[in-house]
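One chain, chain A, links the two complexes that follow: it is found with chain B in the first and with chain C in the second.
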Partner chain A sequence: MTSSPLTPEISLNPLPQSDGSCQYTCPTSRTTILTSVNGPLEVRPKDELPNHATIEVVVKPGIGVAGVRETRLSSIIHSTLQSLILTNHHPRTLIQIVAQIVQAEDHTSLPLLLTPLINCTILSLLIAGIPMRTVGWSVHLAVLQDGKGVKSVEGQTFGLGGSGGGDEMETEESEQLVVRNPGSDILSRAKSSHTLTFSKEGEILLIESLEYSQGSGGESADGQGWDISDFVKLAEEGKRICCEEGVEVIRAALAERKAF
Partner chain B sequence: MSLEDTIILPGDPLPQLTPLISPPQEDPAIKPRALRLGAGLTLSPSTSSTPILPYRYGTLSLTTHTKRPTASILSTPRHYHPTPNDPVLVTLLRTTAEQFIVQLTPYTQPAIIPFENYIINNAGTTASARKSRPNLPIGATIYARVSVVHKHLESIELTVPDPTYGEVISQKNTSTAQKTSKSKDQSGTIGAASVANRAEVTPYILSISQVMTRLLLAEETHGKHLLSAVAAKVPFEMVVGRNGRVWIDAATQKEVIKVVRCFKEFDEAEAWNEEDGGVIKGREIVGRVCGR
Partner chain C sequence: MSTLPSQVSSGNSQPPPLTFSTSLFRQISPALYLQRHLLHSPPTRPNGRSPFQCRDFTLTTNSLSHAHGSAVVRAGDTAVVCGIRGEILTVAPGDDPSRFESYHSSPTSATHACGSRGAGGASWGGLIVPNVELSTGCSKKYPLGPPGGLAQTLSDQLHELINVTKLVSLDSLRIYDKGSDLDSTMKIKGYWSLYVDVLCISLDGNILDAAWYAIVAALKSSRLPLACWNQTEERIFCDASLNHPISLRQSLPFTTTFALIPLPNPEGCGDEAAVLLNDPDSYEEDEACEILTILSTTDLSTVQGHAPQSPSGRLRTRVEKIEKKGGWKIGISHIESCSHLAASKAAQYIQSLTKEQLAPM
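Coming up: the complex of A and B.
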């Protein structure tokens, strides 16, 4: 597979002692995450579930000590993975996931961190051989009121005009621009931001949508900063990215490894 | 891309299995055979094309020529998942009234060897009687076989099926121990010095990844180049447990460490992922560690 400017950098098993680990660098925002998965391990009696494995997600911040933000991130990741991992295969055990934020443009921004965290965790779960129902992929999409002066990589942006594939920078004035995996400079101008996770089969696993009042938008019928028809179009595109490109990235990353 | 090379992700449909599950009915000579599901595959009614769901990534391996066709996903995660009949190297944690409690892998529930599964001689005497029970020190290394694995069971049960299993002791140590008693009479011989050195050699237990374990166990195929390269430099003895532990013994402590370092560096470099299967990398490591 030729590496396009939108293919993330993935290094598998950088940690020699963990059951499965992965370092993931987002191609455009350069957010770098390192995750390690261990399991099935012996579980603390307090957390033991008689018919299921306990999933523990720990997010370690790049700066400072873990706080509410990290707890929030780990609870989102936990609920996303809960539907992917076949926990009934290893009852009364612990599957431990530790994610370390290595590098980020903005360590305080949840949407910038969430997509790399989820993608990196899913890759390390695969490497660790944790039983999974299917695989998923996450994408972060930011909606901008206009695309004036937005510096982006080819293929990173598309319009919501309906014709699709609006790769050209000369989009119409009135058209909203969607940027995929934006950096903090683009996100600061965004009207709304959507983190979407889809499984390989196209089931939606996670929607984390945020409205930004500081962006130039904020006017819509439902007062939420985005239009529902726009959102449907956006989700459609997100699904295509996750189910086609995302799964292709996973396959390409794993294909280099030999199995005996 | 051939069948063997295609990576299967969890949840992928497996159309390759359809002819095995429902064979064409035209030929009455073909009797429907039960398909056995190996590692990495489970039954799931909700999958699209076949009711079989792969739950790990890997390559599909199919055995169709045998009486019972088997399908499994070939993949080697680092974590050891015990399966019956695996030879394993375990450490004795404690002894209770009915069983040895042993550690299979770190951070997991301990496994057990019931005394009635511990066979000490060829006559089939078990260790159940107090008289016949081997007096194993805590921390002893036992070579055993996995007998019962069930996810809902409290712990994994192991057996010591015959006297070739059991506590792993250096063969040279025992033979030289006899020699030591002999050499007491003929003191001052050269043999005594080497025997004295020998007593100081401690065998090493190396923890390695699952792929490396497979490599070392397949000594005629995948592991041949590495094992023969090491053995050409240093003669050594090893016992490989599928749980990722290798017991290594050699004539001197230096040689033990050399062998350990060769295996460890090969494992850490994940050299088998290279195009030639790590032949060149293996030679390079052996050359660096053991000298040219």
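Coming up: the complex of A and C.
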């Protein structure tokens, strides 16, 4: 498992003082995230919920002080975890999650950061022993129009079959290439980017899909976008990666830990 | 001491039935109140709409006299004002204009923009700067103070939307030196930088759709002064009259937001039921466990009543963004059906935009 070039580097409990922590390095884009989870803690009276635990997510940037982008990242992670953590098991408490971006190719890019942040957070929640409904795994897929000159690790790319719907106008789009967890150089050439998070059972936890229109804006950007049937195919592929490989990665990472 | 007689009396007689007025029920148990409404057949929301019905909206453009373009959008009790103000960004001699037009760098956080701003310029994203302000008293939940999480997230989302949809044609933001015979990139002497300010007057759910619609309408109605480079003075001069429109895309993209409300399953077995609500208000948003936003465009020719291009008669839709946050109950089939609804709503938006007399100021 560890020999595969697509397996992330995971180090569990690098911070011995926190209840659970994890350092995660994306195998291809080399984005490194360090998260720490503490909880259940005492909650500030302002944030106390009578029959649920309060979840607090803080994303700390790799450069400078936190801004608008970090606030958005933490709100996305917060809403994803809200449905994973069984918050009614610890009412009137606080579960605090701090995620530090250690290394990233592009510190402003939301899709490049989101997948490692979610995976790392879920692993550290497992280590901290926070009760969760299920586990999830996130994957970032970039769709490229053509695969010319794309430097990728073996197994990182796969083709997406001809776009469905039987629309004759779209047959030339059948040679689309999908890259898993792309770096910033591949993402800058991508046609669209999809961050998909699935639970172990195959439920969709989070979708952040974006079209990157080409051209200098205005009328040249008309007619971009994708058909919904293309998205369904991509989501199926993402589900397969998350439910089979992602769960396997979590299992292998936790198996190395002898005792909790 | 005084409680004793009442206990005795309640033991003897029938306990009084626990009834509330509707308004009290609505406040003390919002989840149950909403579920009871949605379990009716046909399901009706507390506000009288059916699950897939969106609120009627009104649009007024160019009501602010000091802005270059403005729009007021009201959908139900959500009211949003958007103002566009253009400022001139001069390209210093020796600056490479191509740096202003890089597509994929989208620095938003002020600290992170040092890469491009430190060099003295702005990227494509830097030319259009959206900001969202939730005015004091727009909703009970957002008290006075610095911009909270929602306002910041919205600003970033709108910035991302402007960037990825490439809504504005970059060419209409360039200021050229008309007189010189240099090649086209050397003729660029400056840019229009657009400040897009969105002020939420009243917030009753689904602010993203309203804000995005206001931005598109305001940009479409904007008229900038005609600016050109004066060679003798070596400065950019503006004509007093406002007659330079900002050219937008032909097929305008619009967002549609859905909220998923969980329903209890009477049998207590199998999957829990849930219902998707189009255009949720804030009461429904508070109870929603999942929010789905779809950005889609619809072919203009089909909207205007010409023969539909696809044989099935459906509107030809292109999805440009899907965002789903929280929860786990929305499946692929939901997303597919919602994308069709989003297409018809986008068509509705486009029709109202063309109907609105976008008269120059």
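Observations
Assume the second predicted complex is superposed on the first by the 233 of 260 C-alpha atoms of A that agree within 3 Å, B and C clash if a C-alpha of one lies under 4 Å from a C-alpha of the other, contacts with A are read in each partner's own complex, and residues count from 1 in each chain.
In this text, a residue touches a chain if its C-beta (ideal position, glycine included) is under 8 Å from a C-beta of that chain, and two chains touch if they have at least 3 such contacts.
Values in this document were obtained by computation on a predicted structure and should not be read as measured data.
In the superposition on chain A, A:Leu210 makes contact with chain C only, not with chain B. Of the two partner chains placed by the overlay, only chain C lies in contact with A:Ile76; chain B stays clear of it. After overlaying the two complexes on the shared chain, residue contacts for A:Ser199 are found with chain B and with chain C alike. After overlaying the two complexes on the shared chain, residue contacts for A:Ala255 are found with chain B alone; chain C is out of touch. Using the contact criterion defined above for the overlaid structures, shared-chain residue A:Ile228 touches chain C, although it does not reach chain B.
After overlaying the two complexes on the shared chain, residue contacts for A:Thr108 are found with chain C alone; chain B is out of touch.
By the touch criterion defined above, A:Pro16 lies against chain B but remains apart from chain C after alignment on the C-alpha atoms of chain A.
Ranked by how many residues of chain A each touches, chain B and chain C are led by C. Residues 199 of chain A touch chain B in one complex and chain C in the other.
Interface residues of chain A, counted against chain C in their complex, comprise 61, 63-72, 75-76, 79-80, 82-83, 107-110, 167, 187-188, 199, 203-228, 231-232, 235-236. By the touch criterion stated above, chain B contacts chain A in their complex at residues 7, 9-12, 42, 44, 53, 55-59, 74-79, 81, 107-109, 151-152, 211, 214-215, 218, 222, 268, 270, 272-273, 277. Interface of chain A with chain B (complex): residues 13, 16, 18-20, 38-42, 86, 89-91, 93, 126-129, 131-135, 199-201, 247, 250-251, 254-260. Only residues 101, 103-114, 124, 149, 152-153, 155-157, 160, 164-172, 247-251, 253, 289-291, 296-297, 310, 317-332, 335-336, 339 of chain C touch chain A when the two sit together in their complex.
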